[in-house]
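Scrolling down, you'll hit the structures one after another.
Next come two complexes built around chain A: one with chain B, the other with chain C.
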Partner chain A sequence: MDLLLAAHIVKNGLLIGGIYGGVALGLSLIFGVMRIINFAHGSLLMVAMYLAWFLWKTLGLHPYVAAFITVPALFGLGYLIQSQIISHLFTREKALVVEPLSALLLTAGIFLVLDNLVLMIFGPDVRAVSVDIAYANFFIGEIPVNIPRFIAFVASIVVASGLSYWLKHSNMGRAIRATAQNRDAATMSGINVPFIYNVTFGLGVAILGLFGALLVPFFSITPTLGLSFGIKSFIVVVLGGIGSIWGCVVGGIVLGLFEAVASQFVTATSAAIFSFGLFIVILLVRPKGLMGKA
Partner chain B sequence: MFGTATPLERGLIIIGFLCLLVLPFVITNPYHIHTATMIVYFAFMAASWNFVCGYLGQLSLGHSVFSGVAGYVTVLMFTQLGISPWIGMLFGGLLAAVLSVAIGSLTFRLKGPYFTLTTIAFAEIMRIWFENTDNFIGIPLKGSEGLVVPLVGDSWWAFQFNDKTPYYYIALGLLLMIVLATIMLEKSKLGYYLKAIRGDQDGAEALGINPTKYSLIALSISAFFTGIGGAFFAQFFRYINPERNMGIDMSIDMAIMAIIGGQGTVLGPILGAFILHPIAEITRTTLGGSFLGLHLVIYGTVLALTVLYFPQGIIVPLRRILARISGRAKK
Partner chain C sequence: MSSNKALEVRNLSAGYGDANVLNGISFDVPPSSIVALIGANGAGKTTFLRTVSGLLPMRSGEVKLYGKSLGDMPAYKIVEAGFALSPEGKQLFPEMSVEENLIVGAHNPNARKVRDETKREVFDLFPILKEKRNDPANSLSGGQQQMVAVGRALMAKPKVLALDEPSLGLAPIMVDRLFESIERIRQLDLAILIIEQNVFQVLEMADAGYVLENGEITISGSGQELLANEHLKKAYLGL
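The block that comes next holds the complex of A and B.
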């Protein structure tokens, strides 16, 4: 394998991996704080992408402008899903501890509803946003770097840094971390835990609003793309260690590089086999993930 | 054989079974018989899923791998070796059971959502592999195109019938088998072990129950039945492909029918299939292609409502209502 090809593979893996990491951030945050595996995670990304596409189609908004609408819209959607649907699970269970499988099933129900509502409204056709920037490149040496992908990659680093700074230094961030560590103690210190849950879920979903808008310039959309993104996000979160923000970015990059290398040897569709295999191996061998704490 | 069922419930079960038995004499429209067969088939699949997952309290979303593999074995043994699908079905079921032990011995050490995600991963690996493999050591799998079972005409040996009615009775026979197997499970030590593991795995282990061993026994029986179901599905449509017979949609259908009906009970999964599959059929036929996916929106909504309000399945409130009726009748 010559050096240029290797550099290409690494570049592709890094870019797509960073994006995987960014997409998985919300899943990791929600799991870390609420101990809920959100099965509808990928579907919410799909909804965000359709929203960005719809805004482009009807109003002619550039996806990067549409992000200013998709982020608050998805925050609202996440907030509503948590406060109106999932919160019932928390109030039913004692001590605000949710049996993990009920939450998984509940969000699986949301996944079915979202995927098929979008299918009913927009049909099974593949949609794409065509904007000029999609084919723009800049060069590092001889290697072309696709600008929209690079923007999405940078966005995930920025979001991860911003999120971890905000969690550390803001009052709301401290309240979220306190709730994640010990719900009862947090409640006793005067933290409104149900509200924190709503905000956390909303925030986790709002990140998908951003990536939905950033992905559409180079990613065509179908109603069924959610599940594969969802599963990839699970892989990333497990790789990086659950609840770890930077672990998520690292996990994403590991998965991206792994896929980029694997797809040199087999077709891109078969390469998914290796991602699933990696996921199983990590779960069995090192369930805490690469960067997870005990 | 009815466990804790009240006389009213026993009566209803017997009436329900008799209705199913005489159904083909009442309806003659082949389309309706086809639908009835599919309902019974899904009841069988949900009950097979329930056999391990319901009693063990673990959520598998990868059971379709067993139905798919056994379906392929059956079809390939028929087309390549000329072996009757009845025998192929048993081989397929056994292979599914062996495969389940291989998968289960790895995944059963994981709990809750981790177990679920790994079962998805295993099933997806198999599906993607089948979809991208045209020829495996000389066996023509034909990738995503799938395999067609050649038509030989009305023959019990070839598991092919011009009429839909024999398929219906075969499905009903399978359903009866899994119901009897589940009743036996409930009474057997294995059933109690599984419930003990579901309740408190560490406690069960402390009492000398080997959780992995008994989970694997139950899983292999469940996989065997699921495989038989997969073989039936392939024969019924005379066609098999990885997407339909091995895809995650099939796993989700099996699991949510059992969960909505009531997992860990004999009749819950069957109730779930008899409620949900007709919804799918009705939306498909009355609304046609214009509302693609509507039935899954309904499935999802019912699933969410069930998890929130009847976490043990619809069978629980239903039995409560029946108990109230029979209580009133006594007065």
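The block that comes next holds the complex of A and C.
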């Protein structure tokens, strides 16, 4: 393989992989703290993308400006989903334990509702935001780097760094980690665990608000795109190690590179088969993920 | 704060599912005292503490802390009101450092204001924790982990400190040291409710004791009276 082509593949893999990692951060955070696999994760990204598109279409807001609306809006949506719907699973007998299966089924229900609601409102047509920045590139040597993709990649790194710093050093972050490690002990230490859950879920979904806005310049929108993003996020989280923030970014990049290489040999859609193959191999060889603790 | 009872338990019932584990128990913990609650496994001691902490709903009765009812409060408010529990089996945050475990203990707003000062008190009480402040909690020995659990509860600035089986699984020398520390904690002007299997040692130290059997309080008295009680000697002291 010639060197320039290899460099292209690596660049593409890195960029899309970093974005996969960023999109998966919220899934990892929510699973790490609450032990809930949020099946609606990808659908919430889809909702964020529709919101960014809608703001561009109706108000002419540039997606990067729309992010200032999509992030708080998605935080609110996540907070509401947790406090009004999922929390009922936690309140039985005040025991604060939740059946993984019932949470999975409940979030699968939310996924179906969101996807069909958006289909009902906006129809099945493919939507796209057209902004000039979509075609802007800068060059590293001879390799063109697409600027909006690069911005989304950098955002992943920034969000991952910010999130891990905040979890480590703020009172709320410490309370979130304490709740993740032992929720009964957290309660007995005076932490309002249901509130921590609401905030955690809101935060995990707010990250999707950011990436929804950052993705629309170069990613066309359909009501069904959520599922594929959701499944990829799940692969990323398992690859990187469940609950590990940096594992998530690394897992995303591994998946991105793997797909980029695979798509040189088969069509991009068939490359997904290889992603699932990688997923199965990782589960067999290293079930804790690349950066998970054994 | 006019009440002369730090903790007042009246006709408290609680349980799991269809079964009542506690059938209407009543007792008091006076301010600055050590009160022992004694009972065999399954008598309802841990159920009692989980109920008072708000982890398990009360079925009937009342618990008051300095006259303030804890019944309708969510668990985290009960800590803020002044009842902190050092749970059985330590229940630390395993991947956090010793210091972080303590800091989380001071999560409630009243305790957070005096966090650094309380932390110094805890380090004075358990100097080994100061030495190991940056080590992850799960790397400590059993006795040291118990100190973290007690220290974390103290960080909440409680008016009533509850200790659930603090000597469980500790070497005898560590048990002695822990009981010395509990005597010193009493000087911090709070009431201590202690649940122990180490009946002899705890009654020597306690101002009052209550025996819990099948969810009811069957015997009560001062520590010395209970030590002399024939039934207690046979059932718990093996004499």
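Assume the second predicted complex is superposed on the first by the 292 of 294 C-alpha atoms of A that agree within 3 Å, B and C clash if a C-alpha of one lies under 4 Å from a C-alpha of the other, contacts with A are read in each partner's own complex, and residues count from 1 in each chain.
The rule we apply is simple: a contact is a pair of C-beta atoms (placed from the backbone, for glycine too) under 8 Å apart; a residue touches a chain by one contact, two chains touch by 3 or more.
None of the values given here were measured: they were computed from a predicted structure.
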Partner chain(s) touched by A:177 [first = chain B, second = chain C, both, neither]: second
Contacts of A:147 with chain B and chain C, given as first, second, both or neither: neither
Partner chain in contact with A:9 - chain B first, chain C second, else both or neither: neither
More chain A residues in contact - chain B or chain C: B
Which superposed partner A:261 touches (first chain B, second chain C, both, neither): neither
Common interface positions of chain A, toward chain B and toward chain C: none
Complex contacts: residues of chain C adjacent to chain A: 16, 53-57, 74-76, 79-80, 84-85, 87, 91-96, 100, 103-105, 107-108, 111-112, 152-153, 156
Contact set on chain A toward chain B in their complex: 37, 85, 88-89, 92, 100-102, 104-106, 108-117, 119-120, 123-124, 223, 227, 231, 234, 238, 267, 269-270, 272-273, 276-277, 279-280, 283-284, 287
Chain A contact footprint on chain B (complex, rising order): 57, 59, 106, 109-110, 112-114, 116-118, 120-122, 124-125, 128-129, 131-132, 248, 252, 256, 259, 291-294, 296-297, 299-304, 307-308, 311
Footprint of chain C on chain A - complex, ascending: 93-96, 171, 174-175, 177-178, 181-182, 184-194
